[in-house]
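Here come two complexes built around chain A, the first alongside chain B, the second alongside chain C.
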Partner chain A sequence: MTAPLLEIRGVSKRFTKRLDVAGKIAQRLGSKIREETVHAVDAVDLSIAPGEVLGLVGESGCGKSTLGRVVAGIHGASDGQVLYDGKDIAALTGAEKRAATLAIQMIFQDPFASLNPRMRVEDIIGEAPRVHGLVSASDASNYVDEVMSKVGLDPSLKRRYPHQFSGGQRQRIGIARALAVKPKFLVCDEAIAALDVSIQAQVINLFMDLREELGLTYLFISHDLSVVEHIADRVAIMYLGRIVESAPTEALFAAPKHPYTKALLAEAPRLDQRKRDFAPIEGEIPSPLDPPPGCHFNPRCPLARADCREARQMLETISPGRAVACHHWTET
Partner chain B sequence: MSDVLQVNALRTHFFTHAGVVKAVDGVDFTVRKGEVMGLVGESGSGKSITGFSILGLIDPPGRIVDGSIRFNGAEIANAPEPELQKLRGNRIAMIFQDPMMTLNPVLRIDTQMIEAILAHEDIPRQTAWERSRDALGLVGIPSPEERLRAYPHQLSGGMRQRVAIATAFLNRPDLIIADEPTTALDVTIQAQIIHEAQKLTRQTGTAMIWITHDLAVVAGLADHISVMYAGRIVEQGATDDVIDRPLHPYTVGLLGSVPSANKRGQRLYQIEGMTPNMLAMPTGCAFAPRCRAATPGCDTAPPITDIDGRHLRCHHPQTVGVAS
Partner chain C sequence: MSDVIAPETAAPAAKVETPFRRFVSEFFESRIATVALCVLGLIILLAVLAPWITPQNPYDLAQVDVLDGRLPPGSEAFAGYTMWLGSDGSGRDLYSAILYGLRISLSVGVASGIIALAIGMAIGLLAAYAGGRTENIIMRVVDLQLSFPAALVALMLVAILGKGIDKIILALVVAQWAYYARTVRGTALVERNKEYVEAAQCLGLSRLRVVFRHILPNCLAPLIVVGTVQTAHAISLEATLSFLGVGLPQTEPSLGVLIANGFEYMLSGRYWISVFPGLALLFTVVSINLVGDQLRDVLNPRLKK
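Up next is the complex of A and B:
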């Protein structure tokens, strides 16, 4: 196996809501008020090989976006390391650090909120490469044209503002902005979720073309199983801050092992299922402020027993490239 | 089976300063008792405005300019407001995408549900309360007595949508219009909500119009599918026919652009371009500028034709397999 391009080791991210002065006084006076901590990401390990597309799937609040943001360097990790090309990004300095952070770029979900409405498209795309000295000021204009054509935008529109574009075109601007600094690794956080079906297909095709053309590696975060199945080589399923299963795409969709993965696959609507009876799993996703003890999925799990409430089963390799975190995955 | 709703040549236009937006421009369909019709389209196709028109919820500058909406045989298009109020929430109910559009944030759940019953029926408050409690139980809300005392913000998104569905079913309506009710929800919660809606329509014989952009959802739920594009229904037929053998190039394209296992890793079928500007609609077929089968003849509006058990608006039905 080739060395991973990006490796995440035991990464956790916690957000704590600190008490203000009034809260602290109330606490002194015996109130039950306390600091609240959200364990958004809880000791996650992942590795992504060069050229690979890893799909990260989970429902809202499971921490998939937070994990993406930690990888892209927008949030620092509370614990653990993010290694790019074998080196811990947090420990790098100077030019090496800059190279590593430039190599990882992020594409956001909402093409309306992620572009500065007061900047022209040429500045949105051209600013970063100019600042980082990738192109000279005189070449910047041509460079912007080149990047825009690469993502299927007409370069003659570069003097326009984001509001003059449709949702799909804006997402292309977001992609062009990320590509302008010549990244090796893209974190796509629900990058197509806000788009219409026919526009989604255009952007998925663009991602696949770019991968082939530029040899990009992706962390593709999505809640949409069919999209991930289409584009990813390997899939990791996340539930309440933890990875519960990871496997090559085909193996995972053919035979899911974790009860949560099974439930997800069974319930996602598919075109080939007609007039079916929807038979959902019970219950809701627990609050990450107060996750259940042991395995996080146990209150909703059909296989749950006493041991599931006591101890967390760590991710365990069950066959090459395939890991599952469940006490009872062998039972069906 | 009897027809609950017949919509004929419905036109809802918006008269803006920039020009006339023909949001709904000649829509026909029929929904029978106990039937689920999937109304599918992308943003701006007019599918929500069709739903709002049925309920008489079109505000100026918009109005229904033409066509008829017959509900249980009676004409309700442009009916006087008091008459519509007797129908809304009673015989026809609506479930919105965002349950906070249905729920008043400053009133408790019980207040809102009881009000919905007492607005249409003269029964004791206690009876209305009991019916509300039972309705919440039916949509799978645990400890409904307690939930009735809660405010909407104390419930999760999935719970709120359940309350909205329970409220819609309170008066046993003949028709429910569900406008993207699961779009904002997670997969496992979406399955729960579809399950509850499906169960209730089967138990009560309520007809349903399920408005969505997600073909996969209606494939598993609907009896009939109507595909809308730029204010018109371009293809209409039984679910199996439309999904398995689409005839309109737009439906073919939509289905082709849905990722699925058998196309893994391949390029997806791509409909070029984007939806037309509603202020400057192409003359003739609105899909022609994006259509691979388009010919010069497409600049005249295609009439509705019946082919293979379906209503179709196209000069060039894709009868020979999926275009690629």
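Up next is the complex of A and C:
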């Protein structure tokens, strides 16, 4: 196996709502107000090989977007390290830091909020390469044309503003902006969820073409199993801040091991099962403010026993490329 | 292709609809706002052209004749011109005095507005971007400042600083920067959490660049609205201070001074000395406010039909 392009080691991200002065006084006076900490991402390990597409799947609120933002350098990790090409990004400085920052780019979910409404497309795409000296000022215009053609946009539209484009075109502008700094790794955070189905297919195909052409590696975050099944080489399932299972796509869809993955796959709507009734997973997803002890899935899990409520089972490799975090996965 | 870089040369012929054009056409949809803008334009034009279109320079004591004092509208001055709006107690032609007074009122309003906007904008952006304790301290100072009536703050300051245009402007800036700071901070907080700011971070752009090139331009719309309304407010504040006798000196009469001068003659039937400067002030402030209201309607997407 080749060395991973990107490795996530024990990364956690906590958001703490600190008490203000009024809160502290109320607390002194005996109120039950306390600092609230959300464990959005809880000790996650992942590694992604060069050229691979890793699908990250989970319900909304499970922390997958936060993990993507930590990888992309938008949030700093509370604990753990993100290694790019074997080096801890947080420890890099100067030119190396910049190279690593530019190498990892993000594609956002909302094609409306992710483009600055007051900038022309040519500036949105061309600003970063110009600032970082990737192209000279005199070549910048040609470079923007080139990048726009690469993502299937007409370069003659580059003097327009984002609001003059449709959702799919805007998503292409977002992709062009990321590609303009010549990244090696793209974090796609629900990058197609906001698009019409017909446009989704086009954008997915664009991602796959770019992968071939530029040798890109992807972390593809989605809640849509069918999309992930289609494009990912490997899939990681996330539940309440933790990875519960990771496996090659085919193996995972053929034989899920973790009870949560099973439930998730069983309930995915499919054309060939249109008539059947759905049996949603029992119970609600617990609040990340106050996650259950032990395995986070235990209150909803059919296999849960006493040990599940006491100790967390770490992700354990059960066969090459396949890992699961469950005490009782063999029982199914 | 070498000339494509220059923005002007590369402008395509088929520029269908820029945000600016849409903004202009939406602005003129309101008839009242259109009229207000015309009135405001006329007022500014009159003020700018005052030295060339008035018969008398009211600041030049050599041109002011006390014998012309308190003449009703339409009287003929000693120097031979007609005083269409009458004259005040010191013999100043009111038409000339009003136009010169407008110059002072407008420049005080605009100057204090621009300075307060620059200061408030910088402080508000700092608060929004720094966050934490810095933000808390700044915003509590803003709250404290806003809890006093602006007129009171300005009145106290002018009482301490003394008379003069520069001191009035300073007092108005101190009384008003907090409005701008609060507005900018509010919008900047919203903008800072949008994905395009995260994207800019991802692209390794510097903080300064993100704040000034990405966040600030998106905060401008509410700033412009607050700026127009606050400028109108500054003009009426200045008039208030001058009316109370703590603003501008008698030798440089702003509209407020003129109104104050005529106030004592009101009961003797010489209404024109106060009423005409008062009307000028009214038209100025109301037209600026109407323009500001329409700007707010057009620039705030939530109010769009």
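Everything that follows uses one rule, which is that the second predicted complex is superposed on the first by the 332 of 332 C-alpha atoms of A that agree within 3 Å, B and C clash if a C-alpha of one lies under 4 Å from a C-alpha of the other, contacts with A are read in each partner's own complex, and residues count from 1 in each chain.
Basically, a contact is a pair of C-beta atoms (placed from the backbone, for glycine too) under 8 Å apart; a residue touches a chain by one contact, two chains touch by 3 or more.
Computed from a predicted structure; not experimentally measured.
Q: Please tell me, clash or fit, for chain B and chain C sharing chain A in the overlay.
A: Aligned through their shared chain, the two binders fit side by side on chain A.
Q: Regarding the shared-chain residue A:98, is it in contact with chain B (first), chain C (second), both, or neither?
A: Once the two structures are laid over each other on A, A:98 reaches chain C alone.
Q: Quick check on the superposed pair: does A:132 touch chain B, chain C, both, or neither? Answer first, second, both or neither.
A: After superposing on A, A:132 lies in contact with chain C but is clear of chain B.
Q: A:115 contacts which: chain B (first), chain C (second), both, neither?
A: In the superposition, A:115 contacts chain C only.
Q: With chain A's C-alpha centre as vertex, what's the angle to chain B and chain C, nearest 10 degrees?
A: 80
Q: To be precise, I mean the smallest distance between any C-alpha of chain B and any C-alpha of chain C in the superposed model; what is it in Å?
A: 12
Q: Does any part of chain A touch chain B in one structure and chain C in the other, and if so which residues?
A: Chain A residues touching both partners: none found.
Q: In the complex, go through chain A and note every residue touching chain B.
A: So the residues of chain A in touch with chain B come to 59-60, 166, 168, 196-202, 204-205, 208-209, 223, 225-227, 229-231, 249-250, 253, 263-264, 267-281, 284-285.
Q: Can you check the complex and tell me which residues of chain A touch chain C?
A: 20, 69, 72-74, 98, 101-102, 104-106, 108-110, 113-119, 127-128, 131-132, 137-138, 140-142, 156, 159, 161, 163-164, 174, 177-178, 181
Q: Under the touch definition given earlier, write down the residues of chain C that touch chain A in their complex.
A: 1-2, 4-5, 7, 10-12, 15-19, 136, 194-196, 198-206, 209, 213-214, 217-218
Q: Could you list, by residue number, the parts of chain B that touch chain A in their complex?
A: By the definition above, chain B touches chain A via 42-43, 156, 158-159, 186-192, 194-195, 198, 213-217, 219-221, 223, 239-240, 243, 253-261, 263-265, 267-271, 274-275.
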